[in-house]
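Starting off with a structure, shown below.
As written, the chain order gives the labels A, B, C and D, with residue 1 at the start of each chain.
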Amino acid sequence: MSTPHFDPAKKIRVAVLGATGYAGVELIRILLQHSRVKLAVVTSQQYVGKRISDVYPALADRCDMILDDIQADKVAAESDIAFTALPHETSTAVVASLIERGRRVIDLSADFRLHNPESYGHWYHEHQRPELLSSAVYGLTEIHRKEITEASLIANPGCYPTGAVLGLAPLFRHHLVQETVVIDAKSGVTGAGRSSVVELSFSEVNENFKSYNIGVHRHTPEIEQELSEIAGEGVSVLFAPHLLPINRGILSTMYVKLRPTPDETAVAEIYREFYKGEPFIRIRPPGRFPETKDVRGSNDCAIGFRYDPRTEKLIVITAIDNLVKGAAGQAIQNLNLICGWPETYGLQSSSLIP
Amino acid sequence: MSTPHFDPAKKIRVAVLGATGYAGVELIRILLQHSRVKLAVVTSQQYVGKRISDVYPALADRCDMILDDIQADKVAAESDIAFTALPHETSTAVVASLIERGRRVIDLSADFRLHNPESYGHWYHEHQRPELLSSAVYGLTEIHRKEITEASLIANPGCYPTGAVLGLAPLFRHHLVQETVVIDAKSGVTGAGRSSVVELSFSEVNENFKSYNIGVHRHTPEIEQELSEIAGEGVSVLFAPHLLPINRGILSTMYVKLRPTPDETAVAEIYREFYKGEPFIRIRPPGRFPETKDVRGSNDCAIGFRYDPRTEKLIVITAIDNLVKGAAGQAIQNLNLICGWPETYGLQSSSLIP
Amino acid sequence: MSTPHFDPAKKIRVAVLGATGYAGVELIRILLQHSRVKLAVVTSQQYVGKRISDVYPALADRCDMILDDIQADKVAAESDIAFTALPHETSTAVVASLIERGRRVIDLSADFRLHNPESYGHWYHEHQRPELLSSAVYGLTEIHRKEITEASLIANPGCYPTGAVLGLAPLFRHHLVQETVVIDAKSGVTGAGRSSVVELSFSEVNENFKSYNIGVHRHTPEIEQELSEIAGEGVSVLFAPHLLPINRGILSTMYVKLRPTPDETAVAEIYREFYKGEPFIRIRPPGRFPETKDVRGSNDCAIGFRYDPRTEKLIVITAIDNLVKGAAGQAIQNLNLICGWPETYGLQSSSLIP
Amino acid sequence: MSTPHFDPAKKIRVAVLGATGYAGVELIRILLQHSRVKLAVVTSQQYVGKRISDVYPALADRCDMILDDIQADKVAAESDIAFTALPHETSTAVVASLIERGRRVIDLSADFRLHNPESYGHWYHEHQRPELLSSAVYGLTEIHRKEITEASLIANPGCYPTGAVLGLAPLFRHHLVQETVVIDAKSGVTGAGRSSVVELSFSEVNENFKSYNIGVHRHTPEIEQELSEIAGEGVSVLFAPHLLPINRGILSTMYVKLRPTPDETAVAEIYREFYKGEPFIRIRPPGRFPETKDVRGSNDCAIGFRYDPRTEKLIVITAIDNLVKGAAGQAIQNLNLICGWPETYGLQSSSLIP
């Protein structure tokens, strides 16, 4: 099949599969602000037959569509592009069906992010459709813009890898990094999805802070794949995620040993050059770090850094909203890209303050 | 002076005075989404000379305007309409100056909300410009739409009165209320403004819940003024505010003894009729109450009610975002009204979920 | 069987059934501070075979007991008194078994709180052992001290009824109340137990506030039973619970129309007299209301009130920690009572601040 | 003057200077549970003449003492030992006065923690009484137990250094550490004291997460002083603090390159040996990390670690309650030590769960 192209002057019909998860409903929130898109299909395995505004009253009178179950034929018939925000495996089969029916798919699961089926098998489980891995493009827009434009299947990045890779890419591209980078990342709870496990209940998470899966989190190979590709050599990182008692936001504090003695002005120049013209990257002056509230509700990735002369380390901090740049917002940035629209369509609104 | 009118086809220049308070920055957040408005002047007493995006990095590259101090002549020269989001007294003088210079003003302070100078004197302090009170229009859009259209000075309602009056107005209009209504209201912390008092510090508010100013809160006369006008007779309410450990949102639980034995279907019909065509009022089916998250970030006022046959009381609950419908959003709804634009301009985006 | 009595000079062996729920683990936390008690048995249906300190690492080296499943014979053999903190129905059968084996039981479920089986059937479901209802004593210590001393089966009060009844009892005892009292109550999330429903997940509860079950909450008949008994006549209340995004604490704001024109000094005197000598009741001076943080972690019930002359209502506010005075603390207060110890044993420590 | 010694069988009279700050009131909370102590003097600069229970109603009927202003003579006359929980400089003068009057002092400020006046001058400002620095003992109990016993002036450690040094001490003692250790620390808001700066107001901190003072925080020299002493050679660390939207707790995630290829069992053995018999150190099995809620309200320091073979780093995480082991609890542990009592007196109670 050939990649379908779209007339940028026409409205595109989109489907959101898995519309009642947090990434799904965030897609809908943003798509409702997008003037070039017609929301054509919304599905939910759990709430089929209900209105999405019954599940999320905030959508009342804004989106009262009925939630369908997933039927690939119907989705393919009624939409031009599908966002799939589904659990693993569920995602694989549906995505394959839609691709076979000639639809372009932006998949928000982890199923197509790793190029290497062995790596996927090691970190997840045996891949059901390994042949699709080679055609999928990793949807970190700032890094893979060109390939995304032509892709049928876009594997939208994980939330942690988005914040980590965007913060480190310029350094690895310039071969400035020595030793293992430590990525101490802290995420709000929506990063875990709409979940009913007791560990994510309010009383357990509130007034608490903890690490989890240090060194063994599944986003590790995704970060390493991307940084290795950028560096042109194998990169290992120590990725240490933590759970913040907030709804939205990831702050990634990264500790880097640079190859020559660094100079903050030179580092600043490298970042500015690397991200020149990027509409969603906000580079702070040296020594000023972003906070999660700077990006809540927006598609921004804010980047700050400081060189610590005492320990000869560069500290880089990135802040993103895990549901926007870390999920739905980047997916729509990719939609804009493949449709030939400005990447900011539907994504211009600023954050709630506070 | 006569009320200036605007060509609805042209962009309007607006000033935001007190732009770095929470209501001020919320005005800016929304105005940036408003295609018919040019933000012309922003002022701040505390941060004069800084960029507003230095104070609120979330605005970086969206609004990097320099904060002025307040000079009535300059504001009048550079803007067509001014929003004043200033402390009491500061507000009175500036508003008077701008009105004298022929500018229309939407004032978010309490200074012009009460029609009666004695009442103002009783609940606040002696009014500095009592002659302006009679020309000011109370800016609760759904109730005073017609007068607002023609007004030079709009006294934008308090956050609590907005939620309380909108929830009770249909009942008082139909003379259905017996006895004193109890309004048990709970507000997020931004309702207190951007404050440095120790009582509003994180460690004091977090993991706590308390009442304050029960029966003596300054929003009481505002609620009673409006309900009395609607009822055509003197109305007293028992207003009991509480402080919630959340940023945004007011939930007002109201207990009403109705005159005849009520019937939920008839009550529903009264609300639907009263608010027919209103773009921001969301009436729930009987027995379904709104939550603050249903309206966070939006200009909606969601209304639910239930008749309790055991105690023969009607319970009415309204939810608003105190910074949107309770402050900046309603101010912009009023701006749209006086400019002849659809009231929803700049206000269509839906809430963050979650 | 006759009620067993204890030698107040000896250590008592206690069992905690349902030790891994929030009320259960709070029992353990307090019992570990209690010098006259030996914790002899702890059970858990979900974690049988694990150490309780594996489930709650805060207990490491303080209580590393193995969690048993529930075997009435073993519990009866190894303990003198049992606390049952189990779900409905599970509780009924176990409690009956233990009572038959001559053990005294303090039950924290709702199963034995209502005296009237029809009422229980109406608000819950058909009672499995209705004959036990008549022998159970409602364990609101300040109100039923005398009966509790002799009881085999103590039905420990619900959290909401504890705060509501303690706040209203003096007024009903003195026949001062006219019309229906409104109880607008707000509870922290632990009141719902250790739960995995999505509605109680962090992302859903945080930054939100809502009402639930207004007028139909199962604690309503409990409150009415107690107030009716105190008043000597049938009492109806409008009970309106709300969910606070905090872990612990209930604030109940109560609106009362008093029979004669009230006088704050007289009301204060009535409260002081009614609660004279009570070690856990903290009566505030007129016009000063308690906050939930005043009682967090303690067994106190703080009571404040104010007469509002404008609306002729008395506002009464009580604050309790739902897991202490609202559950485990009161259960241990009852334990102290039946063992002939000072009621404050194990319960003297003050709250965390903040 | 010679160091006063106490009869361990008698009650000691203690003074708490700065009793209304968070560390001060935590001292009082714990001292009220301490059977060998008589609280003799409490002072407050801000609330002099008020009862402490007026400032903190949670203390009502537990501690209703009147707050004095600070008079060194009076404090010296009425107490045997003084805790000083005062701002910098205020502390220096009072501590000097009390020492001169032969009183033992446990100072919770930073004024006497650094041995080197130049270092103090570099990180703070010129020291007012540098001659006292040499006699002060750094009060990290597990490390300096012997010197503390004899000291007149105990400089109670900072909250961050307590968590960091306890987590790293065994590794540095055994000379296992290569390269610079990264300490990524996250603290609850009470660590900043009872403050009225707008940056610590609820609306600014809630739903946010940020770093601050990375590489330049004043606790850095304290950590380095202690680790250098333990290692017997100069140690530099990269200390990166962050602000958590919770009241209490510090989680320190530390990244260590070990000298030989490490083995988790051997590391576990080193920790267990180093902390053998310590009543407040909780070492977790390899691979299991503590959370802040495991220690909230207790004097514990919980330590977990994991060796990551992919990156050849040891990750060590410690959790403490910043107001207990990080301040008041450790101060009372030191009090117990100098009085010849078991270190756990007054400190046995377990944490609130949750």
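Here is the rule we go by: a contact is a pair of C-beta atoms (placed from the backbone, for glycine too) under 8 Å apart; a residue touches a chain by one contact, two chains touch by 3 or more.
Quick caveat: nothing in here was measured; it's all calculated off a predicted structure.
**Student:** Which chain pair is joined by more contacting C-beta pairs, A-D or A-B?
**Tutor:** A-D
**Student:** Based on mean C-alpha positions, I'd like to know which chain lies farthest from subunit D.
**Tutor:** It is B whose centre lies farthest from that of subunit D.
**Student:** Approximately how many whole Å separate the CA-defined centres of subunit A and subunit C?
**Tutor:** About 46 Å separates the centre of subunit A from that of subunit C.
**Student:** Just how far, in Å, is the C-alpha centre of subunit B from the one of subunit A?
**Tutor:** Distance between chain centres: 36 Å.
**Student:** Calculate how many whole Å lie between the centre of subunit A and the centre of subunit D, each centre taken as the average of the chain's C-alpha atoms.
**Tutor:** That pair's centroid distance is 40 Å.
**Student:** Please output the residue numbers of subunit C that touch at least 2 other chains, ranges allowed.
**Tutor:** As it turns out, subunit C has residues touching two or more other chains at 22, 190, 203-204, 206-207, 245-248, 290-291, 293, 296, 354.
**Student:** Under the definition above, what is the set of subunit C residues touching subunit A in their complex?
**Tutor:** Contacts found on subunit C: 22, 189-190, 194-198, 200-207, 245-247.
**Student:** Taking the complex as given, what residues does subunit D use to touch subunit C?
**Tutor:** Those residues of subunit D that touch subunit C are 22, 25-26, 29, 32-33, 56-63, 190, 207, 247-248, 282, 284, 290-291, 293-298, 302, 348-354.
**Student:** For subunit C, which residues are in contact with subunit B within the complex?
**Tutor:** The contact residues of subunit C facing subunit B are 179-180, 182, 184, 186, 203-204, 206-211, 214-215, 236-238, 240, 242, 244-249, 251, 253, 255, 289-293, 296, 306, 308, 310-313, 315, 317, 354.
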